[in-house]
Amino acid sequence: MKISGRNKLPAQVKEIVKGAVMAKVVMDYKGEEIVAAITVDSVDDLGLKPGDEVTALIKSTEVMVMK
Amino acid sequence: MKISGRNKLPAQVKEIVKGAVMAKVVMDYKGEEIVAAITVDSVDDLGLKPGDEVTALIKSTEVMVMK
Amino acid sequence: MKISGRNKLPAQVKEIVKGAVMAKVVMDYKGEEIVAAITVDSVDDLGLKPGDEVTALIKSTEVMVMK
Amino acid sequence: MKISGRNKLPAQVKEIVKGAVMAKVVMDYKGEEIVAAITVDSVDDLGLKPGDEVTALIKSTEVMVMK
Amino acid sequence: MKISGRNKLPAQVKEIVKGAVMAKVVMDYKGEEIVAAITVDSVDDLGLKPGDEVTALIKSTEVMVMK
Amino acid sequence: MKISGRNKLPAQVKEIVKGAVMAKVVMDYKGEEIVAAITVDSVDDLGLKPGDEVTALIKSTEVMVMK
């Protein structure tokens, strides 16, 4: 199955912090930190834990550019 | 000046395609492709062109995780 | 592979309109119309065409509620 | 009043979970589950509760397609 | 009808540029410029034209802060 | 440094509420209230507090129009 979202970054989960509704997932992507704010339900559904090899998915309309 | 957006990836502009309103900016980050869909106005305002060293900015609420 | 995005609606592609950068994909989900604005690159990469059975994916932080 | 957001899905609230800042609103849309992550302030402002007939509003630029 | 989106700014349409799929709507809010990138379908559906009194709607999860 | 995000609204922080992962930042923008839902990490990183003069940053693809 293919996904229209253009940005798929291979990363490793470093840290997960859970709140009541939202969770923070900190990942390492080639030495840069990537942070995702997703629901706690998603963390549980995927069984996310530190060390997991994952892919960060980002729609291109959500990416800004600074110069 | 600091920005709340958590994800700031250093990248190099590889290709720009302009439509009437939106533009596609393809960037390279350590061998991975990052694509941004921003307005043509932004491309012109920043004077973006292939070869430019830029930073891709992404709010953490826009990042999904696949496993 | 599982995706953190919570909303996955099975739908059928009805119409595709391509611009220079962005494309409109109109889908049908049980009689309701769902519209996605994605890149033309994504349409081409997935080989999207009218009649295709697809899944509309939406992150929960992007959903508003009206009452 | 009309809204530019293209996707307006009639749904029924099934469950609400409140955190300190964000709330999860689980809705039923023709047998499919739709989840919204909105602020607790919004839940209180709309007086949302299970059983409410609502409309899920999603901007087309936030919809991805999987095939 | 109430909308969960927290940010509703009264504005006046100054300029509209249409592409094949996306349109740029430039608005004025008390001397500041607000730009929306919405579908051409939305512009047509709302009958948007320069001079219109409108409301810019923004979900709070889409707002960043710079300091 | 310039940012592609088109909407940069000068505002003043009025109130901050922190959850475990997400924080609500309420700002005043020329008499209108602007609310941002950002990570607690961002609030701490920027040292945000009531009274701060800040800029609300919003990508144009995230702005809807109501008429």
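Going by the order they are written in, the chains are A, B, C, D, E and F; count residues from 1 in each one.
Note that in this section a residue touches a chain if its C-beta (ideal position, glycine included) is under 8 Å from a C-beta of that chain, and two chains touch if they have at least 3 such contacts.
Bear in mind that the values here come from a model prediction, so they are computed numbers and not experimental data.
Looking at chain B and chain E, the chains in contact with each of them are C, F. The minimum number of touch steps linking chain C to chain E comes to 1. Set against the C-alpha centre of chain E, every other chain centre is closer than that of A. Of all chains, the one whose mean C-alpha position sits at the greatest distance from that of chain F is C.
For B-E, the equivalent interface among the listed pairs C-E, A-B or A-C is C-E, as over half of the contact pairs agree by residue number. Residue numbering shows that chain A and chain B use the same positions for more than half of their mutual interface. Superposing the C-alpha atoms of chain B onto chain C requires a rotation of 120 degrees, rounded to the nearest 5. Of the two chain pairs examined here, A-D and E-F, it is E-F that is joined by more C-beta pairs in contact. Rounded to whole angstrom units, the spacing between the C-alpha centres of chain B and chain D is 29.
Averaging C-alpha coordinates per chain places the centre of chain A 22 Å away from that of chain F. Once the centre of each chain is set as its mean CA position, chain D and chain E turn out to be 21 Å apart. Shown for chain D are the residues that touch two or more other chains, namely 1-6, 19-20, 22, 24, 35-39, 41-42, 46, 57, 59-62, 64-67. With chains as nodes and touching pairs as edges, the resulting graph is of another kind, matching none of line, ring, star or complete. Of all possible chain pairings, those that touch are A-B, A-C, A-D, A-F, B-C, B-E, B-F, C-D, C-E, D-E, D-F, E-F.
By the touch criterion stated above, chain E contacts chain F in their complex at residues 5-10, 24-25, 27, 29-30, 32-38, 42, 46-48, 52-67. For chain F in complex with chain A, the residues that touch the partner chain are 1-5, 19-22, 39, 41, 59, 61.
Interface residues of chain C, counted against chain E in their complex, comprise 17-20, 22-24, 35, 37, 61-62, 64-67. For chain C in complex with chain A, the touching residues are 1-6, 36-39, 41-43, 45-46, 57, 59-61.
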